[in-house]
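In what follows, a structure is listed as structure tokens, so that the remarks can point back to it.
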Amino acid sequence: MHYDLPLEEARVYRPPLAVPEDLGDFWARTLARIGGAPPMLTRVDSGLVTVESYDVALAGFDGHPVRAWLHLPAEVLRSGPLPGVVQFQGYNGGRGLAHEHVLWASAGYAHLVVDTRGQGSGWTTGATGDPVGSGPAQPGFLTRGIGDPDTYYYRRVYADAVAALEVLRGHDLVDPSRVVVAGGSQGGGISTSVAALAPSSVAAVLCDVPFLCDFRRAAAVAQTDPYLELVRYLAAHRDQVDRAFSTLSYFDVAVLGRLATAPALWSVAQMDLTCPPSTVFAAYNSYGGPKEIEVYEFNDHEGGAAYHRSRQLEWLAAL
Amino acid sequence: MHYDLPLEEARVYRPPLAVPEDLGDFWARTLARIGGAPPMLTRVDSGLVTVESYDVALAGFDGHPVRAWLHLPAEVLRSGPLPGVVQFQGYNGGRGLAHEHVLWASAGYAHLVVDTRGQGSGWTTGATGDPVGSGPAQPGFLTRGIGDPDTYYYRRVYADAVAALEVLRGHDLVDPSRVVVAGGSQGGGISTSVAALAPSSVAAVLCDVPFLCDFRRAAAVAQTDPYLELVRYLAAHRDQVDRAFSTLSYFDVAVLGRLATAPALWSVAQMDLTCPPSTVFAAYNSYGGPKEIEVYEFNDHEGGAAYHRSRQLEWLAAL
Amino acid sequence: MHYDLPLEEARVYRPPLAVPEDLGDFWARTLARIGGAPPMLTRVDSGLVTVESYDVALAGFDGHPVRAWLHLPAEVLRSGPLPGVVQFQGYNGGRGLAHEHVLWASAGYAHLVVDTRGQGSGWTTGATGDPVGSGPAQPGFLTRGIGDPDTYYYRRVYADAVAALEVLRGHDLVDPSRVVVAGGSQGGGISTSVAALAPSSVAAVLCDVPFLCDFRRAAAVAQTDPYLELVRYLAAHRDQVDRAFSTLSYFDVAVLGRLATAPALWSVAQMDLTCPPSTVFAAYNSYGGPKEIEVYEFNDHEGGAAYHRSRQLEWLAAL
Amino acid sequence: MHYDLPLEEARVYRPPLAVPEDLGDFWARTLARIGGAPPMLTRVDSGLVTVESYDVALAGFDGHPVRAWLHLPAEVLRSGPLPGVVQFQGYNGGRGLAHEHVLWASAGYAHLVVDTRGQGSGWTTGATGDPVGSGPAQPGFLTRGIGDPDTYYYRRVYADAVAALEVLRGHDLVDPSRVVVAGGSQGGGISTSVAALAPSSVAAVLCDVPFLCDFRRAAAVAQTDPYLELVRYLAAHRDQVDRAFSTLSYFDVAVLGRLATAPALWSVAQMDLTCPPSTVFAAYNSYGGPKEIEVYEFNDHEGGAAYHRSRQLEWLAAL
Amino acid sequence: MHYDLPLEEARVYRPPLAVPEDLGDFWARTLARIGGAPPMLTRVDSGLVTVESYDVALAGFDGHPVRAWLHLPAEVLRSGPLPGVVQFQGYNGGRGLAHEHVLWASAGYAHLVVDTRGQGSGWTTGATGDPVGSGPAQPGFLTRGIGDPDTYYYRRVYADAVAALEVLRGHDLVDPSRVVVAGGSQGGGISTSVAALAPSSVAAVLCDVPFLCDFRRAAAVAQTDPYLELVRYLAAHRDQVDRAFSTLSYFDVAVLGRLATAPALWSVAQMDLTCPPSTVFAAYNSYGGPKEIEVYEFNDHEGGAAYHRSRQLEWLAAL
Amino acid sequence: MHYDLPLEEARVYRPPLAVPEDLGDFWARTLARIGGAPPMLTRVDSGLVTVESYDVALAGFDGHPVRAWLHLPAEVLRSGPLPGVVQFQGYNGGRGLAHEHVLWASAGYAHLVVDTRGQGSGWTTGATGDPVGSGPAQPGFLTRGIGDPDTYYYRRVYADAVAALEVLRGHDLVDPSRVVVAGGSQGGGISTSVAALAPSSVAAVLCDVPFLCDFRRAAAVAQTDPYLELVRYLAAHRDQVDRAFSTLSYFDVAVLGRLATAPALWSVAQMDLTCPPSTVFAAYNSYGGPKEIEVYEFNDHEGGAAYHRSRQLEWLAAL
């Protein structure tokens, strides 16, 4: 059902979201804490012959280890520096097994499939923990440390993501000027945030049905988890509503995305019960770089799926 | 929840299923009607560089066109005749887009991804219609033409599948003695049936959480579609119960599988609400060839997923 | 819940639906293909003494056999030519058993209860198959052959319905100038379409909570099957959206109904989750003949049920 | 799903249900309180020409008015005393409108369609109130007055039903030796109870998927209302469990039915979530008269529906 | 989800509800029928040492016995006349066990916890029956006797509530000028109605997420029981819609509340699926006395719960 | 529905659970890490006059701060050392607000209401964080750190609970020989574990519908969260099944409880979908001290609720 704003209204929906005064400082302080040790790469046998794979451990926020797979087209297929794709994951997923996500490597890209810390027990598995605890939180990740931007879970996640981007850019076989960030749902939100936090490092953005956009509206209209984690948290902590939204404003893709400059291809689904289309448009409409968006009129959160993957392959090839 | 037989009982569950007297004749008559025109292959650009893809139209039951993708490892990666995998699809799915299913080609196999006629409007799309109609049937495919083995939908599907197997075996680059049939759910049921109907053409079987097994128990214990299509049909046509099960006995993987001889790797999930584990064991226990089964104790119909894919890659490589 | 347009808006809702240029030609071509053999009537014993019943096989689209029951008031109750009612069925239902639908015969009408081809495995059973297959389609009937008006399932259904109407009009005991078409849900949509396609043959229309109206809005707001079949089809075949709606425009009751001229009594339910009230009003507001509509404020798809049956008995008696 | 006992176990299931010592006295006292004023019959126009209908008000328990429809075959179709059918209703239903339930009259029976006091706001409507209140009860009827057999709701309902039976037997056009009691679900339970409480007045019983049988097992295995009303009552009133079941033992069809002597045709559905098949067999197995039972293997609470209606028409005709 | 009116619209929502001409007479006649015997108080041991408890039986409408608990702070904690709180219960609940509801006594109030007649088989139990029956009604209490204000269930409930208020006011230890009425959901609706019917006896009102407000809108937008009882009743009795709403207008908190004069603290929850926030605002906006309302933005029907209890403790202490 | 073992089987159900060889060492090592700073108590005004309340911060595992409320009967009601109750919370709850949980103080006990670290965003709120992170885990608490007993979440929780017990025993007004541990669901599991880990400090145990018992069976039969968190974790991490259950064996109440010696009153609910009754009996049957169990035959996870509270008040008073 088309339960959210009519498309024509969504296309011009621009909520007046507050921008924290110290947003720049906050992120400068945060990004200063990524990295440390150089990444460790270990060749693995994924069972595939067309793709060469490495188990990567890189240093994220506060140097915490973040795991990823690096996939390259088989050596005989490579010639010259490779363009790259850093792929972030949907909520509760992880980098999976070595043979699971090889689309971009199969298409000729150096392909880094990055874990999301603490996640990876859902549709795909992860290997990266989050050593940081939190105050009382709703089961899930969305409300961990929500009492303060400094302790909020996604501070660490966004920082890890920037670190991963730089790891791929620094690889010998990769052309650092042609590295793309990509993902769907949570991975879409992270991709765009990375493009905003490290605009000079990102060549393009592939952002599908993004999560983490326009939180207050999302809480008001979303019909499924994970946004309902936030609703349940606020239902319990009735005295923390303003404080929570204040924290979230540092991480809202509809706030951060204004700072991005790379060309971007977005997608949105009009029957998306998980990431309401109006919240996606709130972020898309504020996005700072050149942009296009595909609207999938009859899809739920799966969005364009394989159809959109074709669209992305063409769009990237033509960039 | 473990709602079906305890594992120790399931492991020895062998229902006394009736074997139709004319089973051999029926299938001989049926398979005589496949084929006709030679397959047509058209090179396509899937956007991938590691895999070479062809759009295939082959002649199935009564010569009806059946569509498939043929994926080969990129030419530079090939040397000598290729082993092959024919992959059949889950219920309501199809061959998808050209870049969607390339695992086995990425692992070095000639890989034929075959449509199921009339299906392909679900999780993946198809391009193959079924020109044959039916009597009154429940929405879905499971009860179409169920009044008689001659008109039953899966007669045409199994025949198409045998035709597809022979097409891959006949390809110039393929070693016909090393062609495997594979699939999950409906695709698992079809794979095993093909191995039973064309035993000398099949080198191995990969059969995951198969559908189309031990229909009467399936109707009694399954909790989701598509077996519930059968339940609803029988609930409506209260006077057709015996007739329907009589028809189904010609297509039951737990009946046909006795005729198979190829080595097989199966999987079953103990919390599978769609294909109850007891029905999978009914078929596994009667399977005619050498066999192993992986039991996924806490999985629903997704079964072993990527974990089992690793297991299959190893098992096939070691064969 | 009143989830659709407020009643005052629905009462004036007239969506600007496209009328295919060749609509008249298409239906002329189609109706030219009905009939052939004369109907075959076989007296049956339904167990009832007040009604005389016949099993009817009539020639529908391309002469395909369509089954129906003909019920007449017991001979001793008849005098002079009888007015008639042709009753079409709701989705997934059929003519049922001989004693199931005898209201109109009990009220003194010659009553033809007509199957819908391929359907009849739901709340009532049918005896009529559909020998025509289709391309890939969603389980169900709504998307079969949706790629082209010529292959679309409801082309055959509407044509069958016109054929049935003429069969009843041609019966010796029936007054051909006093034959009514009637039905609820799918049966309502068929009734009105028949009144549009054969305006001079229809004396009146009883159209309850009709299906098959204003498809694009229906897809956007309906909350249950069968409209969700269409949504799922479009969700899978993301590149076929316009083509599908183009096909549907030949069958939309809100498009066709403008051509009807007979007086009509409609009903609509404001909490109808299956056939959204706005889509019913879209069709009602465009209906070409004299018309009345009963609004059932707190009913779901059951609509007026027995209360509305009383209303219809009176309305028809007074016509 | 077949969630209850396997059929072979259900067929011999005979729970050791306690019979209250004063069961006979209780019902003798109760039946002494029915009746009073003679029934009032008012001719109504149902809109049907094959059936002649009367609005009946008869005196039930304590003389409370109970409403019913009396339907007769049209006068011209009648010759000699008519056999009769007294039909009791399913839970939350009522006699409906005058044209709704005319099957048995159409089949040649004098047909009394009796309200259930206080009910009639569901699938069919009623016109009979229950002037008696109750102690705290779960919303619904099943737990009203459950603290004592004297105040229990079904005491009044069973008594009303016996009164209705005698009204039809006393009608001028009816043969009192050929009156049948019939009903499904609650109506099945009432029918059998009437046959037990007035064995010499009942010629036969038609009892479909009966409610009100083997309450303790019903509470343990039923998955839907109305038995869940009892579960919720006992969940709240944890100290009233034994008292409630003690009251129910006076009304349990599996207890009372032993006293019945008339031939009976029963039906049961193996997937009945509302009236678990084991509880139906508990009552059937203890039934005192000659008996047959139809088992519907794949049906939920709808049971045999129209198919079973045909079976009943034949069975009654052959009696 | 915020499914109802936006907050800014709800804050000014004032539906034009009809006020029955004889509203005053009706309630004067009604209240004249309460009382009779003096209340009977029996000391009980609740197991608590801080609170002194009494089992109360008081005379409600037509003198029917209504049960309550009276809790007082332990004697050693008392000095001077006590302020009082009369607490009414949510739907299907009751006064519970003696130790269950002692908040207000623990806070120093004489605390009367009053049953709702016939209810008390849900989340808390009751001990008060309703000796009055009704015409056909939906399972539940909301539609009992809905055909006429004189027979409607809530006539007796509101009258009982006024009687209970006067019992507490008449207690020796209580200051009759400082007695508050309080409750949530149904208890909120009753509290406000009591404040309207006995304005000079009520010192303040605590009204949380009230039920029984603006019935027509409630029926149109509520998504759960008990308002859906009304919807189902109207869905069945299609010809009784106006009559039912006419009856309800005598009991609508949005109609009666205009007559109240005491200061009131209300609460509303924006995600309340049971008592839609717009209906709460309809009543709040028409309330006759000084008033404040707390809005819980992310709560369903649980509303402010313990947080709001703190707010109430402070608000009452400051009055 | 009674979906689990029949009561008679459950009463003797004793699964052969493995006891880790180093169980004693593990817990000795663990308990050595609790405490540090003395507890800090701050008087708060809860709004109640019968109870005196303190906000407590005590040192739990590794000295992490754990928050609790200490409630005492008002000073004027106290004489001599008080018996004590330490109350642990259900999953996702917390100590709540100061006025929320005062039953035991109202009954004359010194009452410590203890937070569960990291929890407290559900039905009641908490104020205690968990500063320790984890590897990839399912949203929720049950699988955090499940890869090793040393990192498992409940290691810290059980240790905190022992620390809280000693804090109450060390309070000036409390008789350390008369301190009881109590709780329902998770709180029941913690209570019994504390009685096992500190047997000489516990005077009695009140354990209701406990969680954390017989994990492998719980995972196989539970139908709701939180046990389904474990199922989902194992469904994702198919290769970690044995490792996870190995970790859980250090925390299983059915393993630890053998070490307890205090008298205990348990309760179990036969329709408990959250904590299956068989798993409760597995723990009860292995419990080491004198014991009684109340069986609530028709309750889900709410169990005996207020009825059982009365039972506990009496049982404790009689101890």
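So that you can tell them apart, the chains are marked A, B, C, D, E and F in the order they are listed, and the count of residues begins at 1 in each.
The working rule: a contact is a pair of C-beta atoms (placed from the backbone, for glycine too) under 8 Å apart; a residue touches a chain by one contact, two chains touch by 3 or more.
Only a predicted model underlies this, so the values are computations on that prediction, with no experimental measurement involved.
Shared contact partners of chain D and chain E, listed by label, are C, F. Counting only chains that touch, the fewest steps needed to get from chain A to chain D is 2. Chains making contact with chain C as well as with chain D: B, E. More than half of the contact pairs at D-E come back, by residue number, in B-C, the repeat among B-F, B-C or C-D. With centres computed as the average of Cα coordinates, no chain lies farther from chain C than F.
Put simply, the C-alpha centre of chain A and that of chain E have 50 angstrom between them.
Taking the mean of the C-alpha atoms as each chain's centre, chain E and chain F sit 37 Å apart.
Under the contact definition stated at the top, the residues of chain B that touch 2 or more other chains are 307. Chain pairs that touch one another are A-B, A-C, A-E, A-F, B-C, B-D, B-F, C-D, C-E, D-E, D-F, E-F. Only residues 219-223, 231, 234-235, 238-239, 241 of chain F touch chain B when the two sit together in their complex.
On chain F, the positions that touch chain E within their shared complex are 47-51, 73-74, 76-77, 96-97, 99-100, 102-103, 105-108, 124, 306-307, 309-310, 313-314, 317.
Residue ranges of chain D in contact with chain B, taken from their complex: 1-2, 271, 296-300, 302, 304, 307.
Across the complex, chain A meets chain F through its residues 92, 94, 115, 118-141, 143, 229, 232-233, 236-237.
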